[in-house]
Amino acid sequence: MDPQDIQAILKKVWDRKMTAAVALEKLRHLPFEEIPYARVDSHRHLRCGFPEVIFCQGKEPADITAIARSILKRSDYLLATRADRTAFEAIRKASRRAVHHERARCVTVRKKAPPRQSGKILVVCAGTADVPVAEEARITAEMMGHEVDGLYDVGVAGIHRLLAAKDRISAADVIVVVAGMEGALASVVGGLTRSPVVAVPTSIGYGANLGGIAPLLTMLNSCAAGVSVVNIDNGFGAGYAAALMARLKNPA
Amino acid sequence: MDPQDIQAILKKVWDRKMTAAVALEKLRHLPFEEIPYARVDSHRHLRCGFPEVIFCQGKEPADITAIARSILKRSDYLLATRADRTAFEAIRKASRRAVHHERARCVTVRKKAPPRQSGKILVVCAGTADVPVAEEARITAEMMGHEVDGLYDVGVAGIHRLLAAKDRISAADVIVVVAGMEGALASVVGGLTRSPVVAVPTSIGYGANLGGIAPLLTMLNSCAAGVSVVNIDNGFGAGYAAALMARLKNPA
Amino acid sequence: MDPQDIQAILKKVWDRKMTAAVALEKLRHLPFEEIPYARVDSHRHLRCGFPEVIFCQGKEPADITAIARSILKRSDYLLATRADRTAFEAIRKASRRAVHHERARCVTVRKKAPPRQSGKILVVCAGTADVPVAEEARITAEMMGHEVDGLYDVGVAGIHRLLAAKDRISAADVIVVVAGMEGALASVVGGLTRSPVVAVPTSIGYGANLGGIAPLLTMLNSCAAGVSVVNIDNGFGAGYAAALMARLKNPA
Amino acid sequence: MDPQDIQAILKKVWDRKMTAAVALEKLRHLPFEEIPYARVDSHRHLRCGFPEVIFCQGKEPADITAIARSILKRSDYLLATRADRTAFEAIRKASRRAVHHERARCVTVRKKAPPRQSGKILVVCAGTADVPVAEEARITAEMMGHEVDGLYDVGVAGIHRLLAAKDRISAADVIVVVAGMEGALASVVGGLTRSPVVAVPTSIGYGANLGGIAPLLTMLNSCAAGVSVVNIDNGFGAGYAAALMARLKNPA
Amino acid sequence: MDPQDIQAILKKVWDRKMTAAVALEKLRHLPFEEIPYARVDSHRHLRCGFPEVIFCQGKEPADITAIARSILKRSDYLLATRADRTAFEAIRKASRRAVHHERARCVTVRKKAPPRQSGKILVVCAGTADVPVAEEARITAEMMGHEVDGLYDVGVAGIHRLLAAKDRISAADVIVVVAGMEGALASVVGGLTRSPVVAVPTSIGYGANLGGIAPLLTMLNSCAAGVSVVNIDNGFGAGYAAALMARLKNPA
Amino acid sequence: MDPQDIQAILKKVWDRKMTAAVALEKLRHLPFEEIPYARVDSHRHLRCGFPEVIFCQGKEPADITAIARSILKRSDYLLATRADRTAFEAIRKASRRAVHHERARCVTVRKKAPPRQSGKILVVCAGTADVPVAEEARITAEMMGHEVDGLYDVGVAGIHRLLAAKDRISAADVIVVVAGMEGALASVVGGLTRSPVVAVPTSIGYGANLGGIAPLLTMLNSCAAGVSVVNIDNGFGAGYAAALMARLKNPA
Amino acid sequence: MDPQDIQAILKKVWDRKMTAAVALEKLRHLPFEEIPYARVDSHRHLRCGFPEVIFCQGKEPADITAIARSILKRSDYLLATRADRTAFEAIRKASRRAVHHERARCVTVRKKAPPRQSGKILVVCAGTADVPVAEEARITAEMMGHEVDGLYDVGVAGIHRLLAAKDRISAADVIVVVAGMEGALASVVGGLTRSPVVAVPTSIGYGANLGGIAPLLTMLNSCAAGVSVVNIDNGFGAGYAAALMARLKNPA
Amino acid sequence: MDPQDIQAILKKVWDRKMTAAVALEKLRHLPFEEIPYARVDSHRHLRCGFPEVIFCQGKEPADITAIARSILKRSDYLLATRADRTAFEAIRKASRRAVHHERARCVTVRKKAPPRQSGKILVVCAGTADVPVAEEARITAEMMGHEVDGLYDVGVAGIHRLLAAKDRISAADVIVVVAGMEGALASVVGGLTRSPVVAVPTSIGYGANLGGIAPLLTMLNSCAAGVSVVNIDNGFGAGYAAALMARLKNPA
């Protein structure tokens, strides 16, 4: 809160242009006044170049259509995650340009190509069953304008498969590692690169995988520095975080 | 329950050498009669060539001395785990031959060298802080007559340290992997070897390591088949299980 | 990293056959160069005599058929786990020799009989409901060439059923114990045998069984040394680990 | 709430001996009126023949002395649990008859011998480290007048030790089973007896024992019917519950 | 197999009305009978005082019929729990006397009335939704020969409903308390009675009930001594344990 | 039964316009009424200020109808929660006035408008998916006579949306905050108001949301004083607690 | 800074008895004051109705003195919680008026008596060991101007003790219930009152109390509506929340 | 070992100012150096861009000195974390340049100033008690060459303190958010910025904070995209990850 603001109020009271009661009320909320609704909103739009995202799971088709329409009125891009066939149909009602990425469970709409960003992202994934989460990360980062490379099915039990791809690992500015089971891949990749690693545990596995808790703990305890973690199965979050990082590559 | 035994009882009743009441009582416990106390005990002694082990933690020094004396009366070997200086002094009262392995927190007594077993065991350990657990495993397996090689501080974040030792990994009949933090080492070693792997999670780490729960889950969910797991920090259990496996190498 | 390798690089630089820039690049990845893709792969094939395994759960039928075909091109054996009727049909497309073991939820293909291994495995199981997991372990170990004996429905609440089979317990080189509910069977069997015990907790039970966490903890805390544990319901993992152990019985 | 009570109130209103406002207030609390303070208290004293118990842990010595004096004013017996040397001294100030059972961490005062009850209780305990909890159960049940037999150090890893005592198991009316580690003993004993079993998990163990959670889950999931469970390390609770059960043996 | 039956056989042999060979045949299956995938513990009635019980959940109808037949060959009573309509039909194939108790999800067969036991059991239950578990306890205890009273829907939020029934509480030799939500009922009942209380947490509730973990912890931590606990939703276990306790009332 | 109704009866008795016998008949079920499998707490309105509420989930339609009838016999209001279409139909059998609030999953019956209470309640909710829980809270508080304002979809990731509504926050006497995901909204609202905040975590989210445990812990650990918490998804409980608080606004 | 004080300043400006410049100096730290390693929220009293509170645990004495001085510069009241002797001495350096409430582990400073509020608060507590948490709640509510009654040691195992105090329960506008062990007290009190109940679980207990998790779950799952919960051992939070509620009693 | 250093060596060989033999000696320890109980990863700087870091907790002083010497032989920088006074003295034996940052519990050695990196990092911290973790992050990022700004004690309960600093938030390329209690700060900051956020939960709090699990879950479930998480109290990991991200700002 700026002393000037308080000074202005006090001056009005001195000048008897504002009563003490009104002034008291103003002082109560003063610290928050400076974040008016509209300014922050446009600021957000400006700064991210990325529209709001629809998390479809548990939403009614009619709601999805309405939200999609509302976004597309103001934006050239739309990303919807956890989108099954029904959600896809709902978004199609808002735009015939809608594309369904079935493995990734995403729907995208692009009225034009997103502006190309400099940073390169590599999505590494441990097993075939982790691919949907990996694809969700890939689609998200691509929607945000990044070039994304995919290195799939390189679990640590056959570590040579991973080591054979060390050039692609070296070429990436940011790496997303997607792994279920015990999630050890994040540590091994983290030890091979100088780039930041975003790790995504998946709920793939059985028994003591505990719905993804096991790889989540593995990744949080990673002995390789430079690894940070997002929520279980949260491919979108990983792709988004990776894109925010990779964007730092852009010339100032 | 052997039909002959029942027949014998029934014959005695028929011959009126046993009353129905006595016969009923005998039939009630018959299934257990065949495991009399002494026979099983000597059987255990014979089959393992390994005396009982003293878990010192939480035991009174006087109790430790008494148990040690009792074991050494019938055995040429003694192994005591979780033994601090006080426990060591207590065992010294039972035998001047007692040796204290401080890092391993073990005390051993050997009246003679244990009979040499064929199988070779390798103990691999992720970080310096895991060494006490690794040493406990090593001492245990050595007391059971096995040759034990140690490969320490080879965490997966610098995986070349592990790969550089692939010959020693190949030479082992059984491998014990000791790791805290996220415990990913077990999966990587499991993917590099043909031998059974006994994994020991340790409570080394902080935050979401949860006292060893994180590496425990990692190891249970290992994507490398052939890995089985013992309790957190249980170096003794791992060394013992590894020795039972390695002993299968002995010529029949 | 071998000094000779570095020396060779340095010599080339001295001889101006390699620029400093190229040498720097080579030195950056040197520690990994020695594990080239093909060699490790053939090594794995050679050493295990066991092809990759298909975990069917969550895989598309078309993917299963493709993976099965790929494996059978290079291998005489195929094992697929968690295979329902649909998965079986998918594998049948790859081979008419495919056999469905319904209780075990496995599919096997054997172009010829697997080479007979020496070590004998016993699978012990606590209750009727644990049988599918036990059968998965049995099929796995048999596919790897071992003779497997099965001792089912011998829970500790009627311990005479277990004690009556002590000869079969004694005859085994490795024992797999499968138990749900409270999982106490592993401790009791572990106390009766000289052989290594691989324990498999199952998710059978209700209430505070917690999907298998209860018997998992029981088995990890077993007061009987020589017991190691695999993941909940992981019959395949237990059978595989047991086979790796039993194989040590083979004459060198 | 008895219709008579309501009738009595209504009659008073009809007779204008009670205003509607007073009657409304009475009706608000009527259901509870019938449990007056003194009656229940004396009833409790009468029915149990057992005074209140002092749980010493975390109580100030002066408070312990005061509570002990208050109890001994009205009672011939005093039981204090979790009592260290300081607590013992505090109780000695209230009575010179105080006896300290150090292993059991209990203090008892008996002005006269407790009336002998019919039911016999057996306390079975898995390992030496569980003895303090077992002794707490024993002392409690003895204070309540029961004959208590103790069968200690009979863990399931050497099951013949337990089977050898089957006569003592058969002779008991109620059995308390105390076990840490994995707690499998409760299931085995439960399968050998027709008497109710009260199981007490202890926090003895390490790693995934989780402070007693592992044996607690084991006992709750026991495959042997007739086993019920009390809190971790709660020897007092087990002894008390066992005594309430055994008391049913008393002739009516 | 009933002890009386064995006694009858033995008496016939003693009286030379039956040869040892015929008796042997009758007794040969005494400890257990192997049927495919099951090993019926026919010794249990002799050892524990009640024939084996069929837990139907997850069992194949054909297996249920086979086990039911095996039990009914040697027993006058059959109890099957977690029995839906299909399980009931399967048991009907073994006996036309089978009765389905739908709320309790139990099937019972009684060839004759069970011998009447002295001890009286009261089943108290907190909410309407807990009734199925309470009924399972009631049926079990009745099958074991006890008189069972039921006091349902007396949760502690309206405690006068419970206090109004204090005579029925006082009349019981053993009390089973069934409660979900927060499970506080066990503590309140435990404080009102002299009799042992067997508490059964149920998975009724939502959110942080955690499938019954919340009332389970409540009951284990009960401030009322004399309360012991069985597994979540385990009405059978509670009824069985209560019957073992109540049986102590029988004249010696 | 409404205190006013009882007062009216008592007044008639005082005025001798109604005999004690007739009044007794009217009041005879005051404490509770037994119907099969339920014991309706009819004294609750007098004691707690609101008639009993039906939690429909898991109840049989016939039971719901019976309980509804029993409540409506003595009360002008009925609230049923977790009510699907079937539950609604069941309540319609008891009263044609029943209204189904589908989003809130509630059914209400009002024979007359509830007496208007002074305190104003604001329900704030983080995301669209939390709305059903928020609506359950709103309906509950409205049934208890309070004016309720709703401020929905104001998650903390776009905090200006919340700050823009600070006047509505200031106007509320009690605030209910409903949030899933990470539940941070409760802390932010708690820091902006001088009114008590009732926080409701919801099970909305994925991965490590753990069915609502994550926001539950967030809310319990809130750094803003004045926040208290109810169970996961427990909109009813929040609305009820908020109404009890807001009622304090009523002139004495 | 007290709203009254600000109002007084504003009135002086209005009355031209104080210049805007002088007033600005007085108000300049209104939003917060930066001191090393802390940023005291001096706006809080205006916004939330009570000055900032110092949570002493883990704070350096010098920091505590500095924060205390900063608060007392603009406030007539100071409350510090989790304050041991050292923290008390640190606050004494800021004010000689500081009083140490040892059981409650609180320090208070009152330059003048707090304005008396209308609402009455009752703190109910289950056992003697819960008293420190109860006292923390009491001191907090008293500092906020409320009359607080205390009803201690009324655990549900002797429920008559609680029922005997029903008049004091009825007299309270808000009730704080403090309980460890299983925490059932909150449900019983919640069922007896029409006032809002704030429940505080404590870490008092052993074994499966799990450091307060058991009573926390009990209270969250309470079958009595109107109960909301604060963090384990959080007496301050309960007292603060209760005071915010009770303040609603004040005439508008 | 710095890539520049290797390049310098190679250049000298190319220029024939250094023989291959001398160069080999210099490079021979490149991948790692074995010292007792440790295997220093000297290749790490080349591979990952920063020399190995010493985690002092639980390491013997002699080991710390040896590892520090080994690192300083080939590196101009040393960072040691979780370093108390003893660890500091141990490092001083290896270098007199060692500096102890007591609040951060770090020791640093800089033979020269680290090369300045472009990216700017902001460390935001919720409470005074979180400062040590925040400082560990700051020191780490500064050692890696970044400019670091600190914004401390801006918890969400007084959100104006955070909003007042929005310019500093906007100026940061990467933001580290450190928070205990409920950890809501990460979500709020994440919603205010375009930059990637690395969240660090701390174990600060009490009761259901669960040693940091509560804020960890909060941060993983953050409704603000772009937030990734490191382990509890892992300030080093956050600073390191943030530096890897910020480094992307460097001109290519």
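First chain written, first letter: the chains are A, B, C, D, E, F, G and H, and each begins at residue 1.
In the analysis below, a contact is a pair of C-beta atoms (placed from the backbone, for glycine too) under 8 Å apart; a residue touches a chain by one contact, two chains touch by 3 or more.
Keep in mind that this is a model prediction, so the values were computed, not measured.
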Notebook entry, point to check: Out of curiosity, which chains are bumping into both subunit B and subunit G?
Noted result: A, D, E, H
Checklist line | Equivalent of A-H within the choices D-E, G-H or E-G, defined by over half of its residue contact pairs recurring | finding: D-E
Notebook entry, point to check: Given a C-alpha superposition of subunit G onto subunit H, how large is the rotation in degrees, taken in steps of 5?
Noted result: 90
Check: Between subunit A and subunit C, what is the gap in Å from one C-alpha centre to the other?
Finding: 38
Next item on the list: Report the inter-chain centroid distance for subunit C and subunit F in whole angstrom, where each centroid is the mean of the CA atoms.
Entry: 54
Checklist line | Between subunit G and subunit C, distance of the C-alpha-averaged centres to the nearest whole Å | finding: 59
Notebook entry, point to check: By residue number and range, which residues of subunit G touch two or more other chains?
Noted result: 31, 43, 47, 158-159, 191-192, 207-209, 213, 216, 220-221, 225, 231-232
Note to self: Output every touching chain pair, sorted by label.
What the structure shows: A-B, A-C, A-F, A-G, A-H, B-C, B-D, B-E, B-H, C-D, C-E, C-H, D-E, D-F, D-G, E-F, E-G, F-G, F-H, G-H
Check: subunit H touches which residues of subunit A in the complex?
Finding: 1, 31-32, 34-35, 47-48, 53, 119, 173-174, 191-196, 198, 216, 220-221, 225-232, 236-238, 240-241, 244-246, 248-249, 251-252
Margin query: For a test of understanding, state which residues of subunit E touch subunit B in their complex under the given definition.
Written below: 3, 6-7, 10-11, 13-14, 16, 19-20, 23-24, 27-28, 30-31, 43, 46-47
Check: Quick one: in the complex, what on subunit A touches subunit C?
Finding: 128-129, 158-161, 163-164, 166, 204, 206-209
Next item on the list: Please give the residue numbers of subunit H that touch subunit F in the complex, ascending.
Entry: 126-127, 155-159, 181-184, 187-188, 190-192, 205, 207-210, 213-215, 217-225
Item checked: Residue ranges of subunit A in contact with subunit F within the complex -> 28-29, 32, 35-37, 40-41, 44, 57-59, 63, 201, 203, 211-213, 216, 231-234
